[in-house]
Amino acid sequence: MAGFDKVVTSYAEAMDGIKDGDTIIAGGFGLCGIPEGLINEIKRKKTKELTVVSNNCGVDDFGLGVLLHDRQIKKIIASYVGENALFEQQLLDGIIDVELTPQGTLAEKMRAGGAGIPGFYTATGYGTPVAEGKEVKEFDGRPYILEESITGEFAIIKAWKADRYGNLVFRHTAMNFNPMAATAGKITVAEVEEIVEPGELEPSQIHTPGIYVNRVIKGDFEKRIERVTTRK
Amino acid sequence: MALSREQVAMRVAQELQDGYYVNLGIGIPTLVANFVPEGIEVMLQSENGLLGMGPYPTDDQVDADMINAGKETVTAATGAAIFNSADSFAMIRGGHVDLTVLGAFEVDQQGNIASWMIPKKLIKGMGGAMDLVAGAQNIIVTMTHASKHGDSKLLEACTLPLTGVNCVKKIVTDLAVLEVKDGAFHLLERAPGVSVDEIISKTAGKLIVNGDTPQMQFA
Amino acid sequence: MAGFDKVVTSYAEAMDGIKDGDTIIAGGFGLCGIPEGLINEIKRKKTKELTVVSNNCGVDDFGLGVLLHDRQIKKIIASYVGENALFEQQLLDGIIDVELTPQGTLAEKMRAGGAGIPGFYTATGYGTPVAEGKEVKEFDGRPYILEESITGEFAIIKAWKADRYGNLVFRHTAMNFNPMAATAGKITVAEVEEIVEPGELEPSQIHTPGIYVNRVIKGDFEKRIERVTTRK
Amino acid sequence: MALSREQVAMRVAQELQDGYYVNLGIGIPTLVANFVPEGIEVMLQSENGLLGMGPYPTDDQVDADMINAGKETVTAATGAAIFNSADSFAMIRGGHVDLTVLGAFEVDQQGNIASWMIPKKLIKGMGGAMDLVAGAQNIIVTMTHASKHGDSKLLEACTLPLTGVNCVKKIVTDLAVLEVKDGAFHLLERAPGVSVDEIISKTAGKLIVNGDTPQMQFA
C-alpha cells in the first residue's frame, strides 16, 4: 500500500513544510514522551514566530526549551511552565507570550480540535482568571465556561511502536498528551522507537489509528528523567 | 502543639474509605499514601494518566516512561490502568475520583481556593489543579493554618487569584480540622495541645465553634 | 483489595437497585456487544417506565427488544431503530417515545456525560430536524448546534475480559458504544466473557479503567448475528 | 442507457485516490469497494469503529464480534485499527475521512441532502448519516437520477427532512455525473448512450450544461 506508507527516513522530510508563524501541537508531559528529534529538527531549521501548544515547555537544554535559545517561540499555550528559567526570563522580557490553560482543558481542547467539536463547556476555571472573557452558561444550575478547540499546522508526537500505516502504540505514561495532539495537526509527525509491519499491532490495541498520522520516523531517544525518585 | 507535615498527612488519611479512588497533590498530600489505615485499600490516580499508582521504583525499576503527575519516577500497582490525558481528566472532571487532597495558599469561607499563582512572583501555571477542584466530589485542603509571619490562610475572601470556587469541603491544617459550609469555617477538631483560642486567633474568616472541640486522635 | 472487588455472582445483585423510571445507558451496536444477561434480568424484574439510551433497540426477540413485550420502555434515545417491528407498532400507538439522535452525537453525548462536559457544539444535524430548538453558534463562520450530555442511573455494558477491579477490555467491534456508556452511569454494570485476576491485563491496553465500573458479572452469551454475510 | 448499480459503483470508484480513507454507505456505495482501480489502495472506514475493513469472512471466519456499520459480518484488513464509537465519529466529524459515498432520496442545488426519513412512512433513524455528511471533506452521492415514477431526485430544494446542508459536492446517478456548486448542478459526464436532453428532462433543479458533455469512460 504505497499510499499508506507513512515512513520517512530523515528529519528534514519529517518536518518538511514547517514555516514561520505555524502553530505546533506537541505531545509529552514534562520530559516524558516527547518527540526529541523533531524538536531538535525545528531548532536546526530556525523556524520562527511559532505558537507552541504543549502541556509544558521542557527545561532549559532539553525538550521544547531548546527552541527558546534562538527565540523561535512567540507564544505558548501550556498548563505548567515552572521548570524553565530561560522561559521565565523571556516572559518577563516580553519576548514570549503565554496562555496558561488548565491541564484537562488543554487535553480536551486538543481532542476537540481533532474531533470537529469547535467548543465545549467545562466547570474548570469558572470564577478564576481562566474564565475572563469567556462565555458562561448554566446547566442544571451550575455555571460552566465555553472553551474552544485547538488545531495546528503541525502536530509532533512521540510513540513507542508504529506500523508503516501510521498506527501507533504508546508505552506506559509516555502516552499522556500524544494521542490528542496526533488528532489536532493538519500534518502529524510521529517519532517512534520501533517501526513494525502492518498486522503486527493488534487492531483493538492501537492507541492512535494511522488516519491521524502523516509521517513516521524512527528516532533515537535520550529519554531524560526530570525527577528520578526511588525507594530502597 | 502544631502538627508536623507527617501528622497532617496522618490525619487526612483517616478520611480515606475502603475502595476510594484518590488524587493526591504535590507536597503534604503525597505523604497521605504512607498512612493509609489498616484494612483499607485505596487506588491513587495520577492525572498524567495513571490509575493505580504504586510505590517509587527501586533503582533497577526506574523507567523514564513511567512517571507521576509530579514528574517523579513511579511504578504501576497491580491492576493499574494507563490512559491518555484527555481520558484522565474526563475521569477527574466527570466526578469519578472520590477524593482529592491538595495544598493551597489560601481558602475562604465560601470554599474558594487559591493555590496556583502569586502575582508579581513567577507564574508557573495551574497544571491540573483547576480541573481537580472543579471535578472532585470531595476536596480536602492541607496547609499550615497561618503563614510564617502569622497571617491566617483561612480568609473571609481569598486575596490571590482563585483556582476554583465553592469547592473546598474540608481543611486539615497543622492546628485544626475544619468543615466549610454555609459561608463559614466550622471547627471540628483541634491538634493535640492546641487551644481553641489559638485557632480563633489564627482564623481570619468566619469561624463557628460549637461547644467543646475534641482533639484529633492518632492511633 | 476488598473495596475494589467488583465481581458479583448473580444477575439479581448485578441489577440491584434499578427502579421504575430510571434512565439506562446501554452499550452495543445492533446485536453486537450487548449485555444479553443484564437485559434479560431487567425483563425478569419487570421494571417499568424506563428511558433507554442505546444506539439501537435490538430486534423483536433479542437484545433490548425483549423489553418491549411488557411495555417496559417509555422512551428511547437512539440513532437507528429500523430493525424492530414491535417497536414500530408501539411508536405508532404512542406507547413509546423516541428521540432520534445522530450516531456520532449520541456517542459524544455519552462520553460528555461521563467526562463532566455538560454541552458541546457539533455541525452534525445543523439545518435538519435534529437542530430544532437547539442553540446555534458560529465558529469560524460555520454554524454549529449545542448538544447536551447524557447520564443515567445505570449503565449496562458488555466486555470481553474484566479483572476483579473492573478494568475492561473489549473484543473487536464489540467495543462500539460500550466504553462511553461505561462512563455515563451512576452505577455501571459490566457483563463479561471472562474474569481474570488484577495484573493480567496490560495497564496501557485497558479500554475502560475500573473506576467507571461498579459491578462485574460473568455472562453466558448467545451472540446472535444480524446479518451473516460471507464470501466463498 | 441508464447505468446498472455496478456501473454506478465503477464510476464512483474512479474518484478514489491512492491513500484515501473512505467511508462507504449501505447499498450501491458498498459495491464501490469491488472496483478500486489498479494500482490504488484505499482504506475503508466503518463508523461502528473499524478502520481498514476487509472482505466478508469465509464461513469459518464468521465472528459475531466483527461486524461493519451495516451489521454484516466482515473481516479486518491487515493493518486495521478498531476503536470505540466516540473515537470513530471524532475521526468522521473531525474531517479525517477523505471521501464519503452515500445514497440519498433527494439532493438539491444547494448541496443539501435528504436521505433518512420519509414522513408518514416508518422512521428508522439517521444512524451515522448526519455525522458523515457534516464531517466529510468530500461527499459523493449515488442514486438513480429519477424515481420509478420518473420524478427527479435532483431538486431546486429538497422536499424531505434533511440529513445535512451545503455538503454534497458530487453526484453519480445512473444517468450522469454532476458537480454541485454555486447553487446549481453542473453536468460533467453522461452515461454511455444517454442524451443530454434526457438528463435535462429528469433534472428538476437548476442544471448547467457547458458545451459538449463527454460520456463516462469505463476501462
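All chains are identified by letter, namely A, B, C and D, in their written order; residue positions are counted from 1 within each chain.
In the analysis below, a contact is a pair of C-beta atoms (placed from the backbone, for glycine too) under 8 Å apart; a residue touches a chain by one contact, two chains touch by 3 or more.
Note that the structure is predicted; figures quoted are calculated from it, not measured.
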Intersection of contact partners for chain A and chain B: C
Chain pair, B-C or C-D, that carries the greater number of C-beta contacts: C-D
Computed distance of Cα centres, chain C from chain B, in Å: 35
Intercentroid distance (Cα basis), chain D paired with chain B, Å: 55
Averaged-CA centre spacing for the pair chain D and chain C, given as whole angstrom: 29
Whole-Å separation of chain centres (CA-atom averages), chain A against chain C: 32
Multi-partner residues of chain A (each touching 2 or more other chains): 108, 111, 115-117, 122-123, 170-172, 175, 203-204, 207
Interface hub residues of chain D, defined as touching at least two other chains: 50, 76, 82-83, 89-90, 92-93, 134-135
All touching chain pairs, where touch follows the definition stated at the start: A-B, A-C, A-D, B-C, C-D
Residue ranges of chain A touching chain B (in the complex, touch as defined): 29-33, 55, 78-82, 88, 91, 98, 100, 102-108, 110-111, 122-130, 160, 170-180, 207, 223-232
Chain C-facing residues of chain A, complex: 108, 112, 115-123, 137, 139-140, 142, 144, 148, 170-172, 175, 203-205, 207
Chain C partner contacts - residues on chain B that touch it in the complex: 17-21, 40-43, 45, 50-52, 76, 78-83, 89-97, 134-135
Partner chain C, residues of chain D touching it in the complex: 46-50, 55-59, 61-68, 70-74, 76, 82-86, 88-90, 92-93, 112, 117, 122-131, 134-135, 161-166
Residue ranges of chain C touching chain B (in the complex, touch as defined): 1-4, 111, 113-117, 163-165, 167, 183, 198-199, 203-204, 206, 209-212
